Each structure stands twice: as structure tokens, then as C-alpha cells.
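Dropping the structure in here first, questions after.
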Amino acid sequence: MNTHTQLATYNFAYLDEQTKRMIRRAILKAIAIPGYQVPFASREMPMPYGWGTGGVQVTASVLGPDDTLKVIDQGADDTTNAVSIRAFFQKVANVAVTTRTADATIIQTRHRIPEETLNEGQILVYQVPIPEPLRFLEPRETETRKMHALEEYGLMHVKLYEDIARNGHIATTYAYPVKVEGRYVMDPSPTPKFDNPKMHKSQALQLFGAGREKRIYAIPPYTDVISLDFEDHPFEVQSFEEPCALCAACDVYLDEVILDDLGGRMFVCSDTDHCEKRRADGHVGPLAGETAETAP
Amino acid sequence: MTAVQSNSASMFQGGFADPVFNAQLVFRQIMDALARPGRVAEFNGLANPPAPLSPTVASIAATLFDHDTNVWLDPALARNEQVAGWLTFNTSAPLTREPLDADFAILLDSGSLPLLESFSQGTQEYPDRSTTLILQIASLTGGRKLCLTGPGIRDVDNSAPNGLPDHFFDQWASNGLRFPRGVDVLLAAPDGVIGLPRTVKIALGES
Amino acid sequence: MYVAVKGGEAAISNAHKLLADRRRGDRSVPAMHIEQIIEQLGLAVDRIMSEGSLYDRELAALAFKQARGDMIEAIFLLRAYRTTLPRFGYSNPIDTGAMLIERRISATYKDLPGGQLLGPTFDYTHRLLDPELMGSDAVEEPQTREGNDARTPRVSEILAHEGLIEDDGDLPDDHQTGDLTREPMEFPMTRDVRLQALSRADEGFLLALGYSTQRGFARSHPFAGEIRIGEVDIEIDVPELGFAVSLGRIRVTECQMINQFKGSAKSPPQFTRGYGLVFGQSERKAMAMSLVDRTLRATELGEDLTAPAQDEEFVISHSDNVQATGFVEHLKLPHYVDFQAELDLVRRMRAEYEQTHDGETPDDDGLEAAQ
């Protein structure tokens, strides 16, 4: 075993420089063609495909020693996969990390956009499982590529309209398709449609990485991102009937927490940093006095 | 690949002192420049190439070029063995004489700027397979006032880069009509970089 | 009382300690040496190298041990390591005609130049559990004969003399061999890239697809023209020297499947070929690969597309077990944000349903209809 005792010394942020250059070139093209999915030679990462390898490769390619990184999954900094990815970057890039949205220069996310408005200079990196918004209507890449080329998005409108005919409203609640700068239909990743309006003319740069499907796409700051809809059925986001039980926030996305097996439940902020900040600022929700914390 | 014939020291020196971190820093500036067109992205030229290639352009090259990218040099530059040799040695990028094959093009002599259309525009299916042009110009300020609009710009940006020929603006308008195909441009001057992604629209302000 | 779950980091670290404990198992049983895995579980090592796309028996054995015998996990470990390795150059194509043969059989000829050589095979073993192996496992020395340095012609070359089989495929002069691990995939693929994908594809997936073609889902009338296993030289050109130097040898398994072909407007009736080549001794995989390679040539040969094994995008997109396991298993990650969105929708639709149906439950509705 002597030949392999020192198995590998990894480069800063894990990826070798040639790989970073390849990904960086893809990111620049993605920014120049907002919403278009740029193919890239995604690498095998030391975490499984489907667990954020696309986001991790994008983050690793933009990250520098002066950055402050925040990683969230389902809006929370302390979900296991967010913890794991954050620990990865601490280990391979020795980068400063934070849970505070405002302090982060790069935020890698799965399934949420932070509630706090992002600023210029911040970069939001999305982990994307299936980047192709048309994939579930047409499974073939050869076909969907043509549809994007010809700007032929009729199928998507037919699908949404069938929802309306059957249910009276559009039955897509997450990964709700958007049109970017009037041209490309884009999958926002499986964020709840509640978050879609935050993408529109965001001050932050939004980068999307799909590792297994080998695609990178982007939305530059101040770019039009419009959720698909119909004149008689305009796009609308979810609303919750009660505020966050801990911080009393309205107009935020809430997680439903089951309290017992008798139907008891409460709703709390999915964005844990937002919730903590509000509570620190003195906002008190109806159940704030009855909470504790534990390790799993 | 162009054979390196001269063994002049400058051809083999002047690359990044710290390749990993210099490339990261320069990349972030280039990314910012393309994400926020008109905004000047600054970095001190970290590379030190033979003249007339500027440190700014050389830093971009050292950040983005490698053996997977075909690079086209404008005719004057291509004739300059020192510059061609420096790029080949420091980036391993193959040089091409065919603008349609170029992933990147470096142009110093903006007066003899070829038609943007003569570079690779990408295809309707793969619009990313297009050339990125790096134009070395005199300065990012002091030129004719422009009105830039498009993604990445809140309202309007009034950059005034100095050294773009008049016919560039007509060509740029045609480039926009080809969207999603088209080229992207980096204006590189000693004072930094301005990015012009194909989405940006340029109107001429009062001169 | 609401109890927020915190401390994911400690939980992960504890889980990994437990994993290490279970991997080691009973401490009174001696730990396995890497050499033991290489020597005694060689076919597992071969599969890991083959699907991990890295020829290194020591690392493959380490991955197998670390993965507690989980093949796909071991393949994943090897791939993740492989991707960090620098490239020094590209070797010349291996010449399987010059292979040092350990096993070589043909189902199409009774005898042929170079002969049939059974080699180390499970074939014709009676699958009876051997109680001897529960104990010390003393094994007789096998009989061997002097190696033959002569080149052993491949069956495809023999058939080619008669012009009855298609030539080796031609690629344009300026064709650069693709690299699946360095370039984004694009469909339709060139055959070189497709063969790369098949060579690292999941053995079970290829086996099932190959089997499906035998059962009539794109039947290809295959004959095992030749299977050969042995060592080949890896050579690399050194421009400074002006000739190729050998870097060493690797063991590979090659299968050439011969298929009947009725001919088309472009080609006369002749035999066509499906090709399989994998690292190590892995006959099942090489055979399945050659079956699937042949059916994936349907478009090239002008055949009707009727079955899954002919569908390049379907087969190649789903053949990589590291990708597949990642995405299937990612379903265990939290999805409660999306689920909340769906809960809300289903509740809303359910309320609307009950309103329009006047408060009846769906079951009542169904009953009425039945009556």
C-alpha cells in the first residue's frame, strides 16, 4: 500500500484548475444567454449525483478566499445535506461560512430562495436536479433542444391549460416554469412557486448547476423572469392563513410541523435565518414560548 | 499550435505568480463584468506579457484559455512571435487562423476590426458555441457616451469606452438581432474590463 | 411543545463512526488485507475497475473494503478519485490481436488458428457449494503450458478474408476520439463515445437489455464470434524518442458478437458486429455490451426502431450506475418545501371537490355510480 498512502492532495476548492476553467467558461456563456442551459463536462464529485454536485461544482469554480459562504437546504442551514456541503467547502477551501443571509457573498441553495432580499454582489447558486423544464412533457433531449431552438413552447402552455380545464387552476406548485428575458423557458429548480417572484429583476446574480444532467444556466441581475400564466388565470403564489408560530412573520414560506398524532400542527418559517433574525429583533409568534432545540 | 521558435525570456515569463488564486480573482471580475454590463471590473494586470499585449488581456487569457480553447489573433498580433509564443506557452491554447473555429479572439487593432459575423455565432441549438472577443482598447473612459440597456443593468448604463470604431455599433446591433446566436465581447483596457454580452443593447449618446 | 432539530454536524459525525464500526465488524475476526481482496475476490475488483474506469487493482480493492462490499458504492469511490487525477497523455489503441491469451473461445468455429482455450472459467463447473472452502482452502497447482508469443488472429479477421463481415468501422481522418469524461454528452453519439459509455455502464443494466434483445425486443441473431481474455500492452508515443514505449500491461476481456444482416440499399448482405471491451475478467459484461452495441447501431444500419435496447438516448442516459444511484437515492433528502406546496394544493383541490360534490365523499360517489 505504500504507493497510495498519500492518495491525493486536492486543489483549492477541490476541482483542478482545468475543470474550473471549463466550468467558468460555461458560466460566462450562461450569463450571456440568460435561461439557456449550457452543456458542461460535469465531473464526478465526492458526493452523489442528485445531492448537489452541480451546485457544488459551480460554487467551487467561483469561490475565492475572500468569500463568505452560506449553504441552505429547504431554507435551513442545519439540514444534514446543507451541513455536509458547508463542511466540504470548509475542508477543501478553508472558506468563511455564515448562516446569515446578509453576510454571505455566495449562497448555495436547494429548494428555496432566502426571504431577505438579496443584494448586488451576492451570488445565489441553485442545485438543480432536472434542468429541462420540458423534460416531463418530452423526455428526449434531442427533441427539447429543438423546441428551445425554435422557441416552440406550445406544449408547456397546453400542459398548464389542461390543469386549468381539469382543476380550475394550474396544478404546478414547485419548479414552476418561468420565461427569462422574453426568450427561454427555464426551470427554477424545485423551489416553491412562492419564490418565483424573487427571481424577477433580482439584484443578485443567480447561477444554476445540474451535475448529473451536465447543465449550467444563469440569470444576470435585473433580468426579467416571468412565471408562465394566462390572462384569465394569472400566476399567483401560495399564501398561508396563519403567520409563523415562532416569529409571527406573514408573507413568508412556512413549513408545516406535525406536533402529535391527533392533528396538532404548527407552521414555522422555512427560512431559519430569517426566523432567527426576526426573533432576535423582538418579534414573537403565538407558540414562541413553547419551543426547545435538540440534536437528532 | 504555433511553434515557439525564439527563446526570449519574456515568452516564458510573466504568467500568473499564483495561478490558482489569480485566476479566481480575474474570473470573478470577468464574470461580474458580463453579469453587469458597463460596470468596470478592475484588476491589476496580474500577468506580464510581451508588448503590445496588455497585462489585462493577458490576465484574461491566463484565466480562461487552455488546450480546449481555440484562439484567434488579429493578423498583426498573429505575426508577433513573442505574443503568440507567450500565449501558447502560458495557456497551451491552440491558435487558429480561422475565426469561425475560434472560442476566443484577441483584437488589438480595433481600427481593422473584422465583421463580428465572421466569428463563430453558435447555432440555434447550441448558441453557446460562439466566439468571445477580447478587444484591447485605450481606456474604459473618455470615449463617446453610450447608453447600455439589457439584462444586468438596472436602468441604463452610461459607459464611455475609448477606442471603439464607429462601425462597431452598427455591427453590434446586427449581432443582437441574431440572438440567441451571436458573439460576446470583453473590452479590456489598462483600467479594467467592461463586458458586453450579446444581450446588451447599445445606443449612442450625444458625442 | 415544538422541538427544533439542531446539530446536524454531530449527528453526521456519529453516524459515520457507527458506519466505520459496522464496516469493521467483530474485532475478534482478523481484518481483511487489501492483498487478500485483490487475490481472492479478483472478479469484484475487476468490475469495480471496469465501471469505475480506472485500472488500479489496489485502489479498487480498497474501495471494495471501504464500501463494505457494496459494488456501486465502491465504483463511486473509485470514480470520485479518478476525476482528480491529472492526465499525462493518451496511449495508443491497444492491440487485442497481440493479447497474451488466458482464455479464448469461439462459438462459431469448432477449431480455429490459435485454438480454443477454456482458461479460468466458471463454465462447466457444477454449481454445488463446496464445503472445503469453509476451511483452509488448499488448492492444487494448475497445469499450464508454455506461452505462445504468436499473434492469435481474431475471428473477425478470419471472416474478413471471405468478405462476409463488415470492416472495422472507418472514422474520418480528422476524427478525434471523444472523451465521455471530459466533454458534455450529445445525442446522437459517435460510436467511440457510445462504446466508452457502455464499457463503464452498469453490468446489470446491460445484461437485462442484452437479454431483452434475445427475447425478441430488437432481435439481432447474435453468435459469440469470439471472447478472449488476457493481457495487452499499453503503449504511449514519446515524440522525443520517435517510437512508442510500453507502460505496462492490463488485463481486458473482449467480445465480438457476429450478427446476421440482410443487407440494405447501401450494403450487401453480410455479417455485422457488436463489440464489447472491459477491464479485467468480465465476460458477462463484455457479452452484454456487444449485444447492446449492435442493437444501438440500428439507425446506422437502417433498421426499424422498435425496442428499448435500440434507443441510444434511453440506454446511454440511464446506463451509468453512479448517476442512477445518486438520483434514486436523493429522494431520501428532505423535500418538505415541495411537499408543503403539494399538501396545500391537494387540500385546496379536495375542498373544491367536496364543494362541487355537495359534501359527499368520493367513496359514496363511486358507490352510487356502481348502483
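First chain written, first letter: the chains are A, B and C, and each begins at residue 1.
Assume a residue touches a chain if its C-beta (ideal position, glycine included) is under 8 Å from a C-beta of that chain, and two chains touch if they have at least 3 such contacts.
Worth saying up front: this structure is predicted, and the values here are computed from it rather than measured.
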- In terms of CA centroids, furthest away from subunit C sits chain B
- Query: Higher C-beta contact count, A-C or A-B?
  - Reply: A-C
- Approximately how many whole Å separate the CA-defined centres of subunit B and subunit C? 44
- Cα centre of subunit A to Cα centre of subunit B, whole Å, reads 31
- Which subunit A residues touch at least two other chains? 39
- Note on the structure: Touching two or more other chains in subunit B are residues none
- Multi-chain contact sites of subunit C, meaning residues that touch two or more partners: none
- The residues of subunit B that touch subunit A in their complex are 19-21, 23-25, 27-28, 30-32, 34-36, 63-66, 68-69, 103, 123-128, 130, 132, 151-154, 179-180, 184, 197-199
- In the complex, go through subunit C and note every residue touching subunit A. 1-12, 34, 58-59, 62, 76, 79-84, 86, 181-188, 313, 317, 322-323, 325-330, 333-338, 340-345, 349, 352
- subunit C-touching residues of subunit A, taken from the complex the two chains share: 1, 3-4, 7-8, 10, 14, 16, 39-46, 48-51, 53, 73-75, 78-84, 87, 110-112, 129, 140-142, 167-168, 171, 173-175, 190-194, 212, 214, 238, 245-246, 253-257, 259, 266, 268, 270, 287, 290-296
- subunit A residues within the subunit B interface of the complex: 11-12, 17-18, 20-22, 24-34, 36, 38-39, 61-65, 120, 145-146, 148-150, 181, 183-184, 205, 218-224
